[in-house]
Each structure stands twice: as C-alpha cells, then as structure tokens.
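Following: one structure in structure tokens, then a few remarks.
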Amino acid sequence: MGKNRMEAFSDGVIAIIITIMVLEMKVPRGNEFADLKPILPVFLSYVLSFIYVGIYWNNHHHLLHSMHRVSGGILWANLHLLFWLSLFPFATGWMGANYIARTPTAAYGFVLLMAAIAYWILQNAIISQQGRDSLLAKAVGADWKGKLSPALYLAAIPLAFVSAWIANGIFVLVALLWFIPDRRIARTFDAV
Amino acid sequence: MGKNRMEAFSDGVIAIIITIMVLEMKVPRGNEFADLKPILPVFLSYVLSFIYVGIYWNNHHHLLHSMHRVSGGILWANLHLLFWLSLFPFATGWMGANYIARTPTAAYGFVLLMAAIAYWILQNAIISQQGRDSLLAKAVGADWKGKLSPALYLAAIPLAFVSAWIANGIFVLVALLWFIPDRRIARTFDAV
Amino acid sequence: MGKNRMEAFSDGVIAIIITIMVLEMKVPRGNEFADLKPILPVFLSYVLSFIYVGIYWNNHHHLLHSMHRVSGGILWANLHLLFWLSLFPFATGWMGANYIARTPTAAYGFVLLMAAIAYWILQNAIISQQGRDSLLAKAVGADWKGKLSPALYLAAIPLAFVSAWIANGIFVLVALLWFIPDRRIARTFDAV
Amino acid sequence: MGKNRMEAFSDGVIAIIITIMVLEMKVPRGNEFADLKPILPVFLSYVLSFIYVGIYWNNHHHLLHSMHRVSGGILWANLHLLFWLSLFPFATGWMGANYIARTPTAAYGFVLLMAAIAYWILQNAIISQQGRDSLLAKAVGADWKGKLSPALYLAAIPLAFVSAWIANGIFVLVALLWFIPDRRIARTFDAV
C-alpha cells in the first residue's frame, strides 16, 4: 500500500472526528441566552479538543512526510492512534456534560495519554523502518515535547481528583506547547 | 506540508459539516403533512446554511488557488475558519428549533460574523505571505464584499432582538451577494 | 476550479449521505428478534435509498467524466443536486419510521423527484457548456430514462395516497431501471 | 470510471463507518466511574468492530491493488460490500447495548457473515475480470482464510444462542486470524 492511501484515510477519519465532536453540543430547548449556560462547558471542552485534534493532524503529516513505504506494523500503529483519537468526541462530551467534573476530567486525561503513547509508538515504528540515521530520527532528536506531554497527562489524571481545574490547566498548557508546529522537524527538512 | 493536504482536509471537514446539518431535522413521530410543520423553520435554516457553506467552500478554493506553500500561520488560520464553520450545524439547529426566535437568530448572526472574520484573517495571512503585489492581493482589491458582510452581520445581531425576520432578511441578502462566485478573482486569474 | 475538486467534494458528501442514513436505524432497547420488527421498514427503506444513492454516485461520475472546466453555473447545479440528495436520510427515516405510511411515502417520492430534476439541470448545464455535438450530448441521446424517471416519481406521489405499496413499487421499478449503469454513455465513450 | 474514484469513495465510506460507530457509546449522565460500567460492553464491541473494519480496509486495498479497470459488476459488488459494512455501527450498538446478549450477538455474526460473503463476491468479480492466471488469482490461491471465516461466522450464529461468549470468542479468533495483513498477496506482489 502506498503512503497516500494511509494519509488520505487518516485525513478522512480525523476530519470526521473533529466535526462530529460538535454533535455533543445538543441544541437547547429554550430560546434565551440563559439556555446556552449548560452548554458552555461542552463548548469549552469542544474548543480544547478541536485544538488537540488540529495539533495531531498537523504533527501526523510532519511524521508521514519522510515516510515512503507502509509496512503492516506502521499501518496498525496508525490505526491504533486513530482509535484513541476516535474516543475524543466521547471524552469531550462526558467532560463537558458534567460541568468539568473530576472523574470525566481524569477520563479525558486518560484518552489524551493513550493518544500520546499511540503517537509515540507510530513515530518509533517509522523511525525503526528508516534507521536511526534517518531524517525523521534527527528531526525528532531528544523529543522532549513527546516525552513531557505523556508525563504531564499522567500527572493530570490523579490531580483531576484534587481539582478538575488543575487538570484542565495542564491540558491547556500541553496544547499551547504543541500549538506551534514542530519547528525541529520543519527546520531539519527545510535544511535539506 | 503541501497545499493539497490542507485543501483535501478542508474539503472533508466542509463536506461533513454541510451533510450533518441535516441531522438537526429530526424525523417526526406522526405521519401526516401537519407533522412536518414544526420542522419547516429547521428546513428553512438548513437551506440558508447549506447555501452559506456552499459559498464558503467555493470562495475557499478561489483563495487557495493562488497559494503554494502552507505556513504554520496559514494552517491555523484555516483551522480557525473550519472551527467557526463547524458551529453552523448547532447554530442552524437552534435557530430552526425555535421557529426563528430572537436570541437564536442573534447567535446565528454571531457565528456568521466570526466565520467572516476568520475568512478575512486567512485571506490576509495568504496575501501577507505572497506580498502586496501578488495576484490574490490584486484580485481581492478593495474587497467591498468582504468588508460589507461582517458589517451587515454586526448590524443583524442587535436587529435580531427587534425582529428575527429583519435579521434573517439580512442573512439572505448577504448570501445573495456572495452567491455569484467572486468574479473579481476569477477574472484576474483568467486574465493571466 | 478544477474538476477534481468538485468530484472529490461530491464524493465526500455522497459518502457521508450513504453512511449517515444508517443512523436512522436506532438500536432497539430489547434483545430479542421481535425487537427488530419495528426496525424492518426502516431497514427496507435504507436498502432502497442505499441503492438510489449508489446509482446517483455512479451516474454522477459518468456525467463528470466528459467535463473539463467547472463554471459557476455547473458548480451551483452540482450543489443543488447534493442538497436534494442530502434530504435522503430524512426522507428515508420518515418513511421507515412509520411502517411505510402514505404521506411519508409521498414525501420520499417528492425528494426523489427533486433529485432527478436537479440531476437533469446539472446534465443540461454540462451539455450546454460543451455544445450540442459533444460526446456527452450524443451519449445521453434521447435520454428516455432521464425523462421517464421524473414522470414515474410524479405519478407515485398522488398514488402514495391510494396505497403506499404502489408508490414503493414504482420506486423499486425506477431503481431497477437505473441499476444497470448507463450503457449508452459507457458505450459511446468506449467507442472513442 | 477509473479505479481511483472507487478507492477514494470506499475509503470515505469506511472512514465514516469506523468513526460514527463511536456515536453508539452515549455519554453517561452521571460523573462517576460507576457510570461507565453500562458502557463497558459497548466499548468492547466498538474495539472489536474497529479492528474488523480496519482489517477490511487493509484487505480491500490489497484486493484493488491489482485491479485497473472498474466494470459495472465490480462497482456494484463493491457497493454491496460497503452496504454490509455500513451495518456494523448498528450491529455493534445492539450487541453492546445489551451486555452481549444472545440474539444481538447472533445478529452481529450475521452481519460479519454477509460482509465476508460480499468480500468473496468482490474478490471473485475482480479475478474473473483478470483471468484465472492473474496475479491476484495466484496470490489468493487456496484462500483458506477466506473460506474458513464465513464457516466460523456460520457456526457462531447458532452457538450464540448457547452462549454469547462462545460466539464472541469465535469473532475474536477470526479477527486475530486476519489481523496480520494477507502475507500471501503481499508476498506474491513483492516477488514481481
């Protein structure tokens, strides 16, 4: 299978995930501004998740940019990543539906953690196919962002039971960290 | 990232938005024509939103036509536009569910306004990358439609509280204004 | 805009329509075979609509095959067709939800009729761009299927109020008529 | 019609199917871990179905890889496969909603069986177009997996009424069998 097929399929799945998340924002029955109030936390969760999925889509392309051949292992590592991303609508809906309560926030953190691990597995599968001296291996380098993010998610899960707001603060922080597309990779490839 | 990926992803998201909007039209329980009556305003909002999303899809392509390289700024300006477009199903559903009431109409106008601003930001990001002398900058020119539309949406929001019908009249007017694909851009590129 | 973009967007919208129709088949609460009984008419409507959307997708490609340049008129004629196709999930759900009742069946026939008219408008827009001597004009020829189908839908709408089964029989008949991809067009292009 | 269109459309439909399945996991009202308990079987069914759809997507590409021309028969054999795949969300939701009860498990097995038969029909349609000496015919060879799977699904349907767990064990077993992409086909094409 060519890389284009895997890219197109991933793009399709990510486009659907980012769009159906909005369906968790149920249209209110009333027609006053006050009726929007219970939807506010769903809206805020949606904004956060939209940014996260946007970041994954962006980094996913940087990752696949240097890849040429799809092996069975890479294909399933990619589907594994898509699986955890597909749980974003559910996790977003649950966190939002309960005005940012503790357990749903911890569950949201868990989905973020698993997606980060899945991304790391995919990255390693591609690097191991291309060799340690490959462009991607150099571009990723020490990969402090890739190592820090799961650690922060892992910390956020128990902290959610102390305060859902601390955990959400961590989620926002990690999003800001990744918001800027991976300049290391961009720089390395531009330098070629 | 090549421009094709951003185009394909945007096409996917817009195709999903335009299609899931129809899910806000819930199948009625009864089986008489009278049972369609409460759905009529949802249907009318759907028609309006379908035309708006069609216009955005159309203009989006004209915009990207002259672009060759995707920068991080353009990528996020594009995701920002898709974010506001993704709120169309919610805004359409809310306006339709309440027989064109005042607050939902104002909310619909707000989403239209934000999408117009997001489009304007994206247009400027592309022009600033290409330079003031670029084909797109010339094609857009004085951009009276791009300046008039947000002004009209802005006027429609308070007017919705006077009468939802005046605001909806403005939305229809702006749609008609854009219905004709941007001849300035088409003409400029054809002239090349 | 190139023809590829319009094809890709139409493919996306049609793929979503054909897939979200299945969401009208709500998962039953019980867990016996008897609990599937109220879903049977929805399932049958779904099968019929799936075949119809499949036929439209198939013929849509034959239609666009000979087209090279997208004009504003063709673009909106295409969006107009997609609009009526997007009402298939609603019409299918309503007809199925009421065990094939009269009014929902007539409404289904109306959506079929409007989609057929929209297809005919798109076909004419493409032919008028290419000229009466074009390959497509010759391939379409007398177009008896394109003329007979709307006539049959038009007959089915009042007949639905006599018996929903007669109208559904007509829908099945027209589907069978189109099931075979348009051999005229295929033959003409193969002959080139 | 070129093969690319059929591939792109199938990719779109499969991407939507794999993603909307997650909508069957309804967001719980409560905000405790205990509130996730009724969702656990839906989650497990979702994991199983996600893997199945992933396998179909993967094998579908291997199948189309050797094909060059789309005939009407192949096109409808492909739509027939997509039809049964489109019932996965419903079957998954029903099996999951009832804590893996007998009848929904048998229904799930039936959908798996029909999808397997549809895949076999598509494979034969492509082989019969290319001839018995074609690369695909050789690659498929004795096709023991393609013959064993429907037999196992067929056995699982009555066994589901003995115990839903036995049937689910069989579904997991067949998934493991296919998890590894079809090495026969991969090997044969690589050898060329």
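When the chains are written out, they are named A, B, C and D in that same order, and each has its own residue count from 1.
In the analysis below, a contact is a pair of C-beta atoms (placed from the backbone, for glycine too) under 8 Å apart; a residue touches a chain by one contact, two chains touch by 3 or more.
Because the structure is predicted, anything quoted here is derived from the model rather than measured.
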Subunit D reached from subunit B - shortest hop count over touching chains: 2
Subunit C and subunit B - chains in contact with each: none
Superposition rotation for subunit C onto subunit D, Cα-based, multiple of 5°: 90
Homomeric contact subunit A-subunit B: same or different residue positions, threshold half: different
Centre-of-Cα separation between subunit D and subunit A, whole angstrom: 27
Approximate Å spacing (C-alpha centroids) for the pair subunit A, subunit C: 38
Multi-chain contact residues (two or more partners), subunit B: 8, 12, 16, 20, 23
Contact pairs between chains, per stated definition: A-B, A-D, B-C, C-D
Contacting residues of subunit D [partner subunit C, same complex]: 1, 5, 8-9, 12-13, 16-17, 20, 23-24, 72, 75-76, 79, 82-83, 86-87, 89-90, 93-94, 97-98, 101-104, 107
Subunit D residues within the subunit A interface of the complex: 7-8, 11-12, 14-16, 18-20, 22-23, 25, 27-33, 35-36, 47, 50, 54, 57-58, 61-62, 65, 179-181, 186
